[in-house]
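Written out below as structure tokens is the structure these notes cover.
Should a chain be cited, it is by its letter among A, B, C and D, assigned in written order, with residues numbered from 1 in that chain.
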Amino acid sequence: MNNRSSVEIFTEWDIVAARQLGRNEAKNSGFGTVDQARITTAISELARNIYLYAGKGKIEIERLETDGMKGMTIIASDEGPGIPDLRRVMEDGFSTSGGLGAGMPGVKRLMDDFKVESEVGKGTTITATKWLR
Amino acid sequence: MPQEVGKQYSALLQKYIQHEDETDLYAAQQVSRKFIEKKISPEEVISLHKTSVEEIFPELAVKIGPSYDFLIEVMIHYGLALMEHQSLIRKQEAMQIEMDVAVKVQDMLLETSIPKVEGLDIGLVSKPAKKMSGDYVYFIEQKDGEACVAVADVMGKGLPAALCMSMIKFGMDSLRSSATEPQHVLQVINQIVEKSMDDSMFISMFYGKFDKKTCEFTYGSAGHEPALLYRADEDRFIELDAKGLLLGIRKDVDFQQKSVEMSSGDFIVMLTDGVTEGRNAEGFIEEEVILDMLRTMKDRPAQQIVDHLYTELFKMQNYMLHDDFTLVLFKKE
Amino acid sequence: MPQEVGKQYSALLQKYIQHEDETDLYAAQQVSRKFIEKKISPEEVISLHKTSVEEIFPELAVKIGPSYDFLIEVMIHYGLALMEHQSLIRKQEAMQIEMDVAVKVQDMLLETSIPKVEGLDIGLVSKPAKKMSGDYVYFIEQKDGEACVAVADVMGKGLPAALCMSMIKFGMDSLRSSATEPQHVLQVINQIVEKSMDDSMFISMFYGKFDKKTCEFTYGSAGHEPALLYRADEDRFIELDAKGLLLGIRKDVDFQQKSVEMSSGDFIVMLTDGVTEGRNAEGFIEEEVILDMLRTMKDRPAQQIVDHLYTELFKMQNYMLHDDFTLVLFKKE
Amino acid sequence: MNNRSSVEIFTEWDIVAARQLGRNEAKNSGFGTVDQARITTAISELARNIYLYAGKGKIEIERLETDGMKGMTIIASDEGPGIPDLRRVMEDGFSTSGGLGAGMPGVKRLMDDFKVESEVGKGTTITATKWLR
């Protein structure tokens, strides 16, 4: 089963649209209220990063069902400047990171699986999955 | 808590209760980030929430008020954990700064410069896996055309390792030109290390010296990775290894001393296990791969050879170092 | 979240709503501690609270449900901050362990032993204000009955300071017995420091040597606190100071060299500013107080004098050190 | 004005009694709900420490009014073993401290002023004050 939907991110309103899409999909997949809110927050963070640092990009949402496991994948992609120092971006606990606990490490924590691919000058693709327990 | 913030929260909540619109939840999270920045604790948020709910549903105040008081009580410990976090982050940043200074000081202190000996071309690459390296390279140039090098891998990384390295450096600096034989050098440094260090601290070290007059490379090893000698006329690699315990284990150790004569085009690669034990997704990188790279580059200057090797191996490991990575190459011109 | 926990919470909340009893709030806080230990995030607590309230007041569920959803949304960022905290605590502990090892290594590396020179009684106290000291004392005993000592205060503390000290130690170790004159020693170490260190890193140092044959004490200072000479026959104190810049500022510095002859019962106290700038609740501790203590103890062995001084000054400062504290005493027997 | 009341701590029930006393006094002094809960939590932590580590002791509560400032002081005293390493006890962020953010640093944060006096073998007295703003 491959069930994809997506939202292009240009303006701050698109962040809200991506959140709405994500929350609906999460609810329909059977996630509870707290997990719905977590998935939505992760989408929100990713979309906001696109909006702030790449200017434009896309949030795709895919419902998963493999080997009896159900879940949801978020793919955030942009053709922005890319991330020069991935290690730094994934590091915890810098008061400069703008909001304690937020940012990439936050998204990683909100979801179960998390992967970043980034090339400077070419863009960034982040894939994050949450499984239904 | 500033009154303004309270009003904003209350208005957002009211709007959300009316329309249940995602926009308000997005706004709420932006507000909550600001709360955290302003060190508003979760129990204060609950109290604010209570006040707002009671404004919106005044008829319910008496009924549900106590449940919020209960929740405030529960949240206090969460608030404390968060405050601890904020103080810890400042502490952590201070430690980070101290570490950064230490790295800078270490770099200056342990600085070494590549000897300029006629007929010998030297290349060096040394990259730390984390901030502070546990690998150490130190060169000494003696007046009579001798180039000596120590390549060491200190067990552990970070500060304790850095302090160990300063022992090696000052140990080598104290050597007179009459006493640069591998056996002697390894013995001297072994004794310093054994005397000064904890039993749990070991160092592996390869020491070699090239003598311009005889074109001999004399070497010894304290439990270190063997070096590789490339014989240009035979186009083959020979392992250079010598018996010797790790530094710091026992006071009196015999270190074997060997030598080889270098001909034009020959080169010797000294390295640490971070080079030979590189891993990629499929497992360890085969030694054959490294030898092939060296062979391809054999006619280039020493520095180009080691730079190329590093770049290729780093790429093969997906731009991650699992261990400190050090290569020193002596090439007979 | 385990179901058990949920039931316990719900039952406690119901009991509290009925009786509003402090016992239930006490229990609630114990539960919330367990929540935090079990990494239950605040948004999960709100969700649990919502479920419990809806069980207790089923008729209100529709009306107040959305307000809880809003609160869950707000709490998510608090949850993230808390999770970050938990990971940071583990990181911090690892750094702490590394620091502890570094302190141990530093101690071993910088170890010094008090010279045994006929006719000279030496006492030493050196206490760090924090974990790692920025004060450093290093003794050297030369074969012909000379006792040399360096007392240094490295700007800053912690790791960078520790690395600086190893420079002083190895610098002094490399001196031959022919070159123990203060002027020379300070120049050599100044050059090492100037060459190796950042511009922002300074060291003040007092260096003195006692010669058994002549009973002369020769000294020099690189911007360090003056030493104190007690003249037994006159029962008075004289400051021993010599001109010289802090180490590491300029490459070529002239260090003044002076000497005094010591008679039986005379003693010289070398110290760092942590001794003279001790503070108590009323302000700085007066120099006169220190001199009086020294006078009272003048007939005791050197080690007893410095131990006594430390104990008394530590007590006067309410058992807190604001700076590293170092005292070295040379007493002519 | 000197208005003192106290609770002896022997059993876990006494902890609750101390909390109750503290909360009432805080309410009567005019503290808001959140501050009432904070003062109560501080008392609870101090009383629990007495109960766990000293066996017995006393919580005294004093209402303050000086120079137009109103406030509340908690004095927790015991004749227990004393604290050998005060620095350590006041340090943040040890996962071994039993409950993140709790313990002494927690009490210090919940209140405005905080002072410990402790002598090994003789006991400990902790004085903590909160001012009404």
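Note that in this section a residue touches a chain if its C-beta (ideal position, glycine included) is under 8 Å from a C-beta of that chain, and two chains touch if they have at least 3 such contacts.
Just so it is clear, the model here is predicted, and its values are computed rather than measured.
Participant: Using CA atom averages as chain centres, what separation in Å is found between chain B and chain D?
Facilitator: Whole-Å distance between the two chain centres: 45.
Participant: Compute the distance, rounded to whole Å, between the mean C-alpha positions of chain B and chain C.
Facilitator: 26
Participant: Need the CA-centroid distance for the pair chain A / chain B, whole Å please.
Facilitator: It comes to 30 Å between the two C-alpha centres.
Participant: For chain D, which residues are shared contacts with two or more other chains?
Facilitator: If we look for residues of chain D contacting two or more partner chains, we find 40-41, 93, 99-102.
Participant: Mind pulling the residue numbers of chain B that touch at least two other chains?
Facilitator: Chain B, residues with two or more chain partners: 25, 29, 33, 36, 73, 76-77, 81-82, 84-85, 88-89, 91-92.
Participant: Which word fits the touch map of the chains here: line, ring, star, complete or other?
Facilitator: Basically it's none of the tidy shapes, so other.
Participant: Give the pairs of chains that touch; include all such pairs.
Facilitator: Between chains, contact exists in these pairs: A-B, A-C, B-C, B-D, C-D.
Participant: Which part of chain B faces chain A closely enough to touch in the complex?
Facilitator: Touch list, chain B to chain A: 22-23, 25-26, 29, 33, 36-37, 85-86, 88-90, 92-93.
Participant: Could you pull out which chain D residues touch chain B in their complex?
Facilitator: Contact set of chain D toward chain B: 32-34, 37-38, 40-41, 92-93, 99-102, 105-106, 109-110.
Participant: Help me check something: in the complex, which residues belonging to chain B touch chain D?
Facilitator: Those residues of chain B that touch chain D are 43-44, 47, 50, 69, 72-73, 76-77, 79-85, 87-88, 91.
Participant: In the complex formed with chain B, which residues of chain A make contact?
Facilitator: On the chain A side, the touching residues are 15-16, 19-20, 23, 40-41, 44, 93-95, 99-102.
Participant: What does chain C use to touch chain B in their complex?
Facilitator: Interface residues on chain C, with respect to chain B: 12-13, 16-17, 20, 24-25, 28-29, 31-33, 35-36, 42, 45-46, 49, 52-53, 56-57, 60, 63-64, 66-67, 70-71, 73-78, 81-82, 84-85, 88-89, 91-92, 95, 98-99, 101-102, 104-106, 108-109, 111, 156, 158-160, 162-164, 166-167, 170, 173-174, 196-198, 201.
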